[in-house]
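These are the structures, in structure tokens.
Two complexes come next, and they have one chain in common, subunit A, joined by subunit B in the first and subunit C in the second.
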Partner chain A sequence: MTKQSTISRAEGWRRRGPLLPALIFTIVVTQVPFAFTLYYSTQSWNLVRPGSREFIGLRNYLYVFRDSQFREVALNTVILIAGTVLISAVLGLAVALLLNRTFRGRGVVRTLVITPFLITPVAGALLWKTAMFDPVFGLVNFVLQPLGLGDVEWVSQFPLASVMANLIWRWTPFMMLLILAGLQSMPTDVLEAGRVDGAGPITLFRELTLPHLRRFIELGVVLGAIYLINTFGAVYMMTQGGPGVESANLPFYIYQRAFLGFDIGQAAAMGVITVVATILISTLALRLLFKTFTATREAA
Partner chain B sequence: MAEIAYKSASCIYEGTDTPAVDRLTLEIEDGEFVVLVGPSGSGKSTALRMLAGLEDIDEGTITINGTDMVGVPSKDRDIAMVFQNYALYPNMTVAENMGFALKMRGLAKDERRRKVERAAQLLDLTEMLDRKPAKLSGGQRQRVAMGRAIVREPQVFCMDEPLSNLDAKLRVQTRTQIAALQRRLGATTVYVTHDQVEAMTMGDRVAVLKDGLLQQFATPTELYDSPVNAFVAGFIGSPAMNLVSAPVTSEGVKLGGTTLPLERDQLAELHEHGLTSATVGLRPEQLEVAHPGEGVDVRIDLVEELGSDSYVHAHLTADDTGEPATLVARSHSRTPGRLGETIAFRKSHGPVHVFHPETGQRLAA
Partner chain C sequence: MSDPARPTSTAAETPRKSASTEAVVPRPSTENVHRRRRAHRKHRGVGMIWSALAWIVGLGFFFPVLWMVLTAFKHEREAYTDPPTLLFTPTLDQFQAVLGSGMGLTLLNSAFATAVSTACVLALGIPAAFALSLRPVKRTQDVLFFFISTKMLPIVAVIIPLYVIVNEIGMLDNIWALIVLYTAMNLPIAIWMMRSFFLEVPPELLEAASMDGASLATAVRRVILPLVSPGIAATALICVIFSWNEFFFAVNLTAVRAQTAPVSLVGFITGEGLFWARLSAASTLAALPVVIAGWIAQNKLVRGLSFGAIK
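The block that comes next holds the complex of A and B.
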């Protein structure tokens, strides 16, 4: 038995050995910086005051939690993610329903609808800031002018909403694709059975299509939320987090504290808090997702 | 209770030129069990879906109790349908599946529950009412699909190959159950199948379709005894009728070295059409195995043992022109002969079916 297990251990190394470089590389580029961040978060260290560096234990964390700006930014982050994900899921559902019909030029339209997701985030943000929201030559004001609403300074008056508009524009195609895949996997005979059983189009959608789409929508929401936690480009390009921190989210605020305020210790503490919160939330979300998928596998 | 009439009803699918169902005319009586049968792609499902309102009626019309159904949505036709893959609602329990149509009709909850439970009892589904379809076996799903149709007490049942996903034994069992259930409920039923045994055993009348065209609409015995053309003759019956093209002589047709005598009126009609050859049809049970020289000499290709009888597949030995014609005979003997042995087939009883060699139409009665 011992012999067999030593053989299989050697065999195990032979099989997994080639993965070692990738593993080492991953540890070096992700875990080592994280360890450094953890270490920095215990230091009082501001680059503007050389020689000020000293160990202060967990006091940085205390400062962060007392910081009302940090709390505002955390709330902004939640609003930004939840708003974007929910609104783009609803819009994505609507567009997917339209694209699920057969009409001439459907392929072209579908490709066009997807493009926002393929554009570099920074370029998209710049486009929205200038071409869409600019108070003087932006398209939004141009369209609203006949309605007497033509002189809104979107980005400075509604900074968070503006950033969110850009993100919704970017994420609607993603949601649309997932939901369209769901719609196309909907068995037609089930819908026909519903029709014969006396259901009208709205009842069919509510009772049969929507339950079928549920897991696709959930998948979209969870994946979207995980990606959106890292949003930086849109905030940086459109509002710089301002005015004040009204439109800043966590990544941007941390960036500000570290590279504009040079407060390495506190920025590191915020980073650690963000990472921990993200891991917690996404673990819960992924668990929910796996649960619905295994549940539907049972049901399929 | 409903009478159904297809009146030259056609359906042409988008992007195709030939109609999937071509000017179908059928009169179905109240409470009748009608089976649509035909090979794959013959338009059976399409004809049924036109009745259920799932496919447009492009030409002609279909009436139920005299009411024109063109433009009437399925939900207003009072038709229940059983689908081939059952099409159960996956997100609903068995009880919700069966009660869905009643809910759509606005029935109160306890009324619904009562009807569903009664149907469940009838179909032996009571223990499964709270399960989701995914947790049922194929046979149970089939019964749920039936239950979903019968709780509605509809005017018309439409069934599209509802048994094709069951194993052979369950299929025979369910076949009789469905037929009994239909008799009891008395609802007019249109049943689609490609299995001619199902068609023969279940239907009051059977409509045979081919390429969207109705070939014959008659009782099972009539279809069996006097098929209107060679297609119906070959399609109905298992194993299929022997259809051989043979030259016409003064008393009958020449089969192998011998002459198969025909009836007077058959000969008269052959001469009337000026035909020198005809397609003759003999069912396997009309042939019996005999010693060489006592009938048509044949060489055995295959013997199918079925326990009670056996089917002997053989080809004509005297036929030296190209592909030799093959014949099947039913034998009551267990050892009718060995492979490659030369024996004879002799006609035992019943009339020979004669068809036009080109059009396949039946000649004389």
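The block that comes next holds the complex of A and C.
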């Protein structure tokens, strides 16, 4: 503490030196464009009508909120993120419990399970759209045939759910990895003591394992949500947001409005709204991250 | 069956019954030993069911990927069949066709963008992480907070001005535009992750090394960097995974010359219908490098994905 306060000015700059390139670079590449987004969102600016650009204050935001498609897309985004994150967390917990035992080939099984998370998202999305969900030749219908469900056109009948299925396949391994790390950081003597006290496996799980895992599951859910806000490739490849905007999420809709509709002003306003909406979840994520950091450092 | 880990692990998972036997009977009587053996045998059976289930789940998750790779070696007529074709003579035709139609260039673009951006991330990120851990600047927490908050900014919020700027400076369809953006995209992760590795280095080590008369830079290079080199490798692999798989920037900012491998897959959903076998070959080529990088980095994956918060 005393050392910190007696750092001289020259020493301060010497310490800051290695940080500055990264800091300046990040500010220029991320903050400056966002400032432009804020500015564009106050413009009536459509690239199709050159020379039409003018300042219109907050009217773009008004248009956006009045746009029923935007509201549907916003709801889709919430459903897609919440559904994916929650189902993946539950499945990830189950898989993590399976992989927390010692058994022959455990490393191989873990490698197999994490592969969906690694595969290029657009390749994964194409794979689900074709090989899995194709109504005639797809594997899903082939498997369901004996149950009398063999002719569902998954992607066109349930577009949002199809995209979600692909995302769950991708994000369950992520949750599994985080939860498995939690399971492995669990002190075994606590479980042992509980067992000696005569607690059954279910009680042990509910009373000891789950409370210990809580922090890891929370972190997985929040980080998962932050990564999933940027979902684009899956929607783009599987459904193109359609039919209508039934399976579009915010990134895809904003992309459509900006690059296919050329409505820069309104698309920018939607971008700003997305950011404001994510601030809440980001704050939560940051608090959890800092908490986890201090917890692991105290433990160490 | 001679696996020494087996009996202990079974004992550790043994529910109530044998644990309480152990607790109640302090001395191993012959009867007790028999009972424990019997319990072991029973629990080994239960354990095998759980292991089998784990294998089934693992293969289930992997199956779509395996199917993709298998399809890549089929002829088109074997790719669309009901029921699916399992036995076929593998062919390399699809790979040849895909590479012949220009996918090679996109793979090279991806490799270049990934390698250069990862190098830039390390060059900027390692010193920054150092300045936020071993020799901390003032207001370290604020700076860390700033870096991570940029990661929470949805990319759509900046894509429009980025497009306009990149267009204005004539960098559309230029791989360097992607390199700059991928560097910015991965820098916060790298800084947080590298910082968590630096924090594991005992601070006295740096003091001791600099007291030997070596300058700070030499001390860092000779003593600290070798210690955190596994961390650097893991960080690099995480950056490779994210930049290789990136799609949103690439699809908006590149067209022909700078097209990356993921974007090249778009061509397969439009045009003259779908060619599954060819599409699978292209997907396999696009996915393979990152799958391998991820397999190598799997022990450090959690650390990267949680910004270093979870070891």
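Just a few scattered comments:
One rule holds in what follows: the second predicted complex is superposed on the first by the 278 of 300 C-alpha atoms of A that agree within 3 Å, B and C clash if a C-alpha of one lies under 4 Å from a C-alpha of the other, contacts with A are read in each partner's own complex, and residues count from 1 in each chain.
As a convention for this text, a contact is a pair of C-beta atoms (placed from the backbone, for glycine too) under 8 Å apart; a residue touches a chain by one contact, two chains touch by 3 or more.
Because the structure is predicted, anything quoted here is derived from the model rather than measured.
Applying the stated contact rule after C-alpha superposition, one finds that A:211 touches subunit B and leaves subunit C untouched. Within the superposed three-chain model, A:56 lies out of touch with both subunit B and subunit C [touch as defined at top]. When the shared chain is aligned, no partner comes close enough to touch A:161: not subunit B, not subunit C.
More residues of subunit A lie in contact with C than with the other chain of the pair subunit B and subunit C. In the superposition on chain A, A:193 makes contact with subunit B only, not with subunit C. Once chain A of one complex is fitted onto chain A of the other, the partner contacts of A:116 are limited to subunit C, with no touch recorded for subunit B. In the superposed pair of complexes, A:152 makes contact with neither subunit B nor subunit C. In the superposition on chain A, A:245 makes contact with neither subunit B nor subunit C. By the touch criterion stated above, A:108 is placed in contact with subunit C alone, subunit B being left untouched. Judged by the document's definition of touching, subunit A residues 192, 195-196, 198-200 lie at the interface with subunit B and also at the interface with subunit C.
In the complex of the two chains, the subunit A residues touching subunit B come out as 187, 189-190, 192-200, 203, 207-208, 211-212, 298-300.
Contacts from subunit C toward subunit A in the complex involve residues 3, 5-6, 9, 12-13, 15-16, 19-20, 23, 47, 50-51, 53-55, 57-59, 61-62, 64-65, 67-68, 71, 79-84, 124-125, 127-128, 130-132, 135-138, 143, 145-165, 180-181, 183-184, 187-188, 191, 196, 199, 241, 244-245, 247-248, 251-252, 261-262, 265-266, 268-269, 274, 276, 279-280, 283-284, 286-287, 290-291, 293-295, 298, 301-302, 305-311. Interface of subunit B with subunit A (complex): residues 52-54, 73-75, 79-81, 83-85, 87-91, 100-101, 104-105, 132-135, 148, 152, 158. The touching residues of subunit A, when paired with subunit C in their complex, are 4, 7, 12, 15-19, 21-23, 25-26, 29-34, 36-37, 40, 95, 98-99, 101-106, 108-124, 126-132, 136-137, 139, 142, 169, 172-174, 177-178, 180-182, 185, 188, 192, 195-196, 198-201, 216, 219, 223, 226, 229-230, 232-233, 236-237, 250-251, 254-255, 258-259, 264, 267-268, 270-272, 274-275, 278, 281-282, 285-286, 289, 292-293, 296-297.
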